[in-house]
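Structures follow.
Consider the two complexes below, in which subunit A is the common component and subunit B and subunit C are the respective partners.
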Partner chain A sequence: MFVELGRWLALFVKELRQIGRNRRLIVMLIIPPTVNLVLFGFALNPTVTNLRLGVVDNSSSAESRELVTAFTESLAFKVTGYYLSESEMSEDLSEGKLNAGIVIPSDYADKRTRGESANIQLLVDAVDSNTATIAAGYAGRIVASLNQTIVASTPRKSPQAAPGGSAQTPSVPPRASRASITPRVALLYNPALLNSWFIVTGLIGALLVLQGSIVAAASMVREKEVGTIEQLLMTPAEAGAIITAKIAPIFLLLTADIGLSLTVARIVFGVPVRGSLLLFVVSGSLCVLSGIGIGTMIATFVNSQQQAQLMSFFVNPPLILLSGAMTPIEAMPQWIQPLTLLNPVRHFGVISRGILLKGTGMDVLYPNFLALLGFCILLVSISAWRFRRQLR
Partner chain B sequence: MNPTEPNGRSKESAIRVRGLVKHYGKTQAVRGIDLDIGVGEIYGLIGPDGAGKTSVFQILGGVMPETSSVETAMLGKPPREARNYTGYLTQTFSLYQDLTVRENLRYMGDLRLLSKHDIEERGMHYLRLFDMDRFTERLAGRLSGGMKQKLALACALIAEPRILLLDEPTTGVDPVSRREFWDTLASLSSEGMTIVVATPYLDEAERCTHLSLMFNGTIIRTGTPKELKSSLGLKRLEVRASDLGRAESVLQDEPAIEDVQRFGDRLDVMVRDSENGTVAARNALGKQNIAIGQIRTGDPTLENTFVSLLRDLEGDHHSPPFPRSREFQERSADAVAIGAEGVSKYFGDFAAVKGIDLTIRYGEIYGLLGANGAGKTTTIKMLCGLLEPTDGLIELAGERGRARSQFVRQRLGYMSQKFSLYDDLTIEENLDFFAGVYGVPRTEREKKKKWVMEFSGLQGQEKMLTGELPGGWKQRVAFGSAILHEPSVLFLDEPTSGVDPLARRAFWRMINELADRGVAVLVTTHYLEEAEQCNRLGFMVAGEVVAEGTPTSVKAAQSGHLISIVTDRPQAASNFLKSVMDPWRVSIFGDRLHVVIEEDGVRGVDGLKKLLADNGIEVYGASEETRSLEDVFIAVVEQRRGPGDRLEE
Partner chain C sequence: MRRVVAQARKELTQVMRDRLTLALALVLPLALLALNGTAISLSVTDLPIVVQDLDATASSRSLVEAFRGSLTFRIVELKPDEQPEEALLENRARAAIVIPRGFERDLLRRESTETQVLIDASDANTANVMRGAATAVIQKFSASVSGVAASGLPINLETRLWFNPGRQSDKYIAPSMLAVGLALFPPLLAALAMSREGEQKTIMQVYVSSITAGEYLLGKVAAYFLIALAEWFLSLLLSFAMFGLSVRGDPSALFVCTVAYLFTNVCFGAMVGVRIPNQAAAIQAVQIVGFLLSYLLSGAIFPLSNIPVQIRWISNLIPARYYIDVVRDTLVRGSGWEGLWLTPFILSGIGLFFFLMAWMRIRRMQIEA
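Entry: the complex of A and B
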């Protein structure tokens, strides 16, 4: 046992020293996450303010005015014109004078008072598809928060925990089961719809997985590439010891990236930490481990660092795109949405936003935490198994 | 062709150097050397690692200026201006692996702004000369090691240089390919090409017309191989005795004996006078009750000469005794250390190894020899458990079948061809790692690390990055770290590749010491003079062991006789003989021709003389010589396989 520990230490120290010599790797662990966070936080910030909104209010009621106010309250929209007919508004929309328009039906107020579902029509200028998507997303959320206000003020609905709940369909009122958090909270966690927060908190997980997989793949494949792997395999060290000694220093370094990215998020974007920092670090570590698992797996399929890089180009973008880090999962096509459940980055995203922005804890986040833990164990064991098998 | 004087020196000067000096900062790499190299010579530069050979090549090649010189003239011009006439090949040839042979040639020609016609014509000329014209469409990456060297040479030749500078062109190339390569050099030289070549292999140096021995930046001897060998004024006694290890130490203390060098089944004893020396040796060994077989007298080899001269200059590598911490604990000398029963390995349809049987016992040094692609490396990987055999049973350190157990690996030492150390760690960190991973007790680590540093001659360099070490030194450290944990079974895959002869002897002294202590050693090498040090040898050809035995018995088992012929036109004689017998039977060694024939000595000599005389080639002298292990190896390999086989690697 003592001898085994000595062996493991020898392997570990060797890895540490090699990493210490690899200045490029150290730089890679510091610069890209920082730059990416800052860059993406600013550049990909989809917050659009003062979208020009046209309104056709056929209802002309207190309820419809409430709806219009909800739109303008967020600063995302400003009403630039009221129209008498939909066709009139469409004209301006197609000429680019408007970014979006809503049509409130005449029975809107009636349905609301009867507690029935009322439909409003949203028209979006889709020439700039990005803005269009964003406008549609805003509208959805505005309507959703309005729904929640209404539901919360309706005493027959019992409050029930459902994290991140926000209804999509611009229909009023919502399905009863979605009713939950009061509108105050919904708007408070991102009062000005500050989207850099949304991006940055989601991006942290994506970066951890990206860094983990690239660094792990490079480090795992390097001995294969230069040919020292055979010498290593001839030593009495067990495959398990070889793998863990390789993973351990990378893991430690990347855990430092959790702190780094959080610091950047805090200083540059003023992202708050409202929940448990410990839980954030623990789930971040799981995220790093998942990344290392992915990287190790990549390393078992390739023979050089170059191939490993190419392969991680193939694996990582879908992981990031399907994580909800940059675009809300709700904005993705229906059939893709379930797929994101298989993505550890998505789960970390939920946890990260929950902890940092909402201050939620394990009681709410446990499904995502368990999913993340599960993926982490699965990825690490599969990759370790494949790595051991190729060592034979 | 140039007129040649009887002593082999041509009149016209190709390279003339006087007082050449090169400093790197405070280090003096070259300290004032003179060179006179005639047109059409094959001029060998030999010397230990770090003697300054590569610096000389770089200066002559015009890629690096000298610090100062009285005269440095290549065909009467300074090296930089003569670059158009100079072809310079370094150890690592730059071929494009994913271009074909023809495309590589065309690319080199285009770079030199040659016309398409010239490229095609000259390219094909050299490919034909090198016996490679069948492979114009083959990718360079898929050529054998020797073929690659020849293609690189052709690429250099396409610009029609008049001087070729070759810096260790055959390191890591198998003996068959190496001999072919040297045949090529001989034919180029006969066309008037001047060739300067450095090599750590002294059997190759025998094929030069002239040699200079460099040491510490100066030239200490110059002459033909023959002159160099006789300059020692020593005779060589081949002594066979029952206990070589003890016999060696006894004879070393004998005043009448100048030098003792140990080989696999004999000692080479250098004496001033063969009569007195023989008597002295017999007496000394008799006193210690060491049984002696026959003692044969002969001339020293170039290696004997080199080692003796260098020992005088720098003293012997006296590696300190290995700090042993455990007594050897194998059950008995009869126990099998490494065994293989009908072991085969298939890669797809290709049979890399075809049902080989091997038994290597503790205390035995077994040499596995073969050309590149013969299946040696695959065999070793299977024997030491890195590769699963398709068929057959492996026995290793007392375990049969599953050889991958931790317990077995703890008792193995393994040194692979090139990649035994981590380049991005310092020497000390590498040693720390291997000591730690093999669980060498902390109390012994410092002693053992110190031993490796002394053995490698690198004291004080502990903090140096391993990647910055020249090849020969790296091998020494790698060897040291492979035996730190005192293994019972040792696998050494080309351990001495690129290591100079003196260091090579230190390696072999250590290997012998380990074997004497009961360690089983399996070693591969491309250097057959050193394979003589093995107790037993196995020759591999195309995945099979085709000959096995002690060096002496393997040589004795081969029919055929080696005739050395001195003639005025060795190249013409060679061309002619190659057309009437198997080409491998004929090779040029400097001014002599080696021919292997099946008839016995006297009749064969007369027959050859007559055959050559009938075709207008005058023979000055002919005599039978003892065949070296390399001669035998090449004969075995060539007889076993058809032409062109070796290319299918």
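Entry: the complex of A and C
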């Protein structure tokens, strides 16, 4: 028993020294996760502001200018051009120079003074469907609030009143208040709607798995490339001891990435930690272990570093894309959604968002935690089995 | 010229022989395009919500029905003794609607009342969409109970969605993923080929042969350009079949810009391969630029204008940024040369820069060797 432990320790120290001497590995542990988190957090931003709005103002009146101002006052739109005709504007819209355009008809002012309902047209470039949805929502709210101020400020004429007659005569009393329902929206957990909080909390898991798989594959393949795997075979230790001694130092090093990515998330993006830090670290470690399992498995299929890297092109994209780290799972096609349950990154995403943003604990997150644990055990044992078979 | 052709033919033969490279060249781009195009989407429908109806009257139930009728939401059961926040915390619902006591009474008295909407905003974009949809449902319901048709409002907004009226997000994502795939695989293959010669020192044989640095480079670039063209063609066919795209604009604009774009990418790969004579490191370099930057800083998923100004300038150096405009214009919007005439010049300018960088490097190594 002690002999075995001694052997294991010897192997462990050997691996640790080997890694410590590898400068490139240390750099790889620090730079890619930091750069990835910062780039993804800043670049993947669906916030819709400063949409380029074109205006065709056939009315050119105080009323139409009021309408245009209402659009620009919200930061969502900025007017980039006035056009004489709709066809002129639609040309710019189709070339992508404008995101949206409004067409104000020539009878707009007249209808407004007469108290009739005036139609305006909003044209939205829907090639980017998400921006178009949000832009149309903003425009709807802008017009709704303008409508409210108009209704509130102008005493409404009764339909029977002669046109033009009642504007000066306040004989018609202000209309009795109408039943109305005000939606009161509360945005929980992320009231400023920062998308970086969504991306970063999802991406941490993906990075941990990727880092684990890259580092593990690289260190396993190196033995093969250099041919030292034969020497490992000659050691009196068992295959199980060899593989755990190999995994343990990598695992210890990579757990540092959990702290690193959480620090970046906190300092750069101000992501809160509302739940248990311990649970976060434990689930993060399971992610790292799953990654190491994937990496070791890749290493058993290939013979060189560069083949290992090319293999990872087949594994990593689906792992990241089908995790809900960058885009909501609900937006994926129905038949893909159940497949994401097979992805450890997805489960860690739920855990990390639960802990960091919502402040939930094990009582809520246990199904995802158990799933993550299951994948971890499965991946590590498959890779150990393949590795051992290879040793024989 | 004959030597250029010979070099290109040798290169193509080599690719055909290597099964891993061949898979990388023809299968992986298509698989990734299919995956990216289907998995990346932001148009959420059918989001689970819970409703807490504290009023339980005919009016409140018809508001609930209005939510049930919306495509954005799907109502899930709220347990009798459960608070709506709990459903949000447990991820069973993404939003909760709370209808207050006295809802119907207030409506009948023609007073104003309110409805609370709690939204799980941990996914900010989805939260924004839910806020818009919930507000619209409530406002429409409010207008209908107060007996005002939309046409009775002072201003009536008619919104028309152009170019993609069904708001299918794959029409936005698929073209950009086509561009991203072409920014990754052609340069990857070119870089691997160049750095392999450096790693295995076969480049020495090239130095002692009669081929000049320019001819050697041109031969390699030509071979991988042809492969890239095949990749482009297959990807285009796939996006026609899978995502319902078609050439709606000027095909000549699409083709000319594509040629320039592929040339630029292959040259970039060649430059990386020449400068890094180590295949594993070359793969990483291409991966970072071709994948990360083209993916994130080219406006592939979200509009470029959303990227902070401090890092937005980088996107002007990324070829994919220009090509994404090309594919969106010609495959979705259906516009022609007007907005694009400058693009081939910018792209081939960047490409020539990479080509020269690679060429100078080979020349210098040749002299040193």
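Basically, the second predicted complex is superposed on the first by the 258 of 392 C-alpha atoms of A that agree within 3 Å, B and C clash if a C-alpha of one lies under 4 Å from a C-alpha of the other, contacts with A are read in each partner's own complex, and residues count from 1 in each chain.
Keep in mind that, in the parts below, contacts are C-beta pairs under 8 Å (C-beta built on N, C-alpha and C of every residue); 3 or more make two chains touch, one makes a residue touch a chain.
Since we're looking at a predicted model, the values are computed, not measured.
When the shared chain is aligned, subunit C comes close enough to touch A:Glu95, but subunit B does not. In the superposition on chain A, contact of A:Glu230 is made with subunit B only, not with subunit C.
After superposition on the shared chain, subunit A has more residues touched by C, the comparison being subunit B against subunit C.
Of the two partner chains placed by superposition, A:Asn343 touches none, neither subunit B nor subunit C.
In the superposition on chain A, contact of A:Ser261 is made with neither subunit B nor subunit C.
Legend: residue contacts after superposition of the two complexes on their common chain; A:Arg112 is shown touching subunit C, with no touch to subunit B. By the touch criterion defined above, A:Ser64 reaches neither subunit B nor subunit C.
In the superposition on chain A, A:Thr300 makes contact with neither subunit B nor subunit C.
Overlaid on A, the two complexes show subunit B and subunit C touching no common residue of subunit A. Against subunit A, the residues of subunit B that register as touching in their complex are 381, 384, 386, 388, 404, 406-407, 409-410, 412, 414, 416, 418-425, 429, 432-439, 491.
Looking at the complex, you find that subunit A touches subunit B at residues 3, 6-7, 9-11, 13-14, 17-18, 21-22, 226-228, 230-231, 233-238, 392. The residues of subunit A lying in touch with subunit C in their complex are 36, 39-40, 42-50, 67, 90-91, 93-97, 112, 115, 117-134, 136-141, 143-144, 146-147, 150-151, 176-191, 193-195, 197-198, 201, 305-307, 309-310, 313-314, 317-318, 321-322, 326-328, 330-333, 336, 350, 353-354, 357-358, 360, 364. Note for the complex: subunit C touches subunit A at residues 20, 24, 28, 31-32, 35-36, 38-47, 63, 85, 88-91, 94, 106-129, 131-136, 138-139, 141-142, 145-146, 148, 151-165, 167-169, 171-172, 192, 279-280, 283-284, 292, 296-297, 301-303, 305-308, 311, 325, 328-329, 332-335, 338-339.
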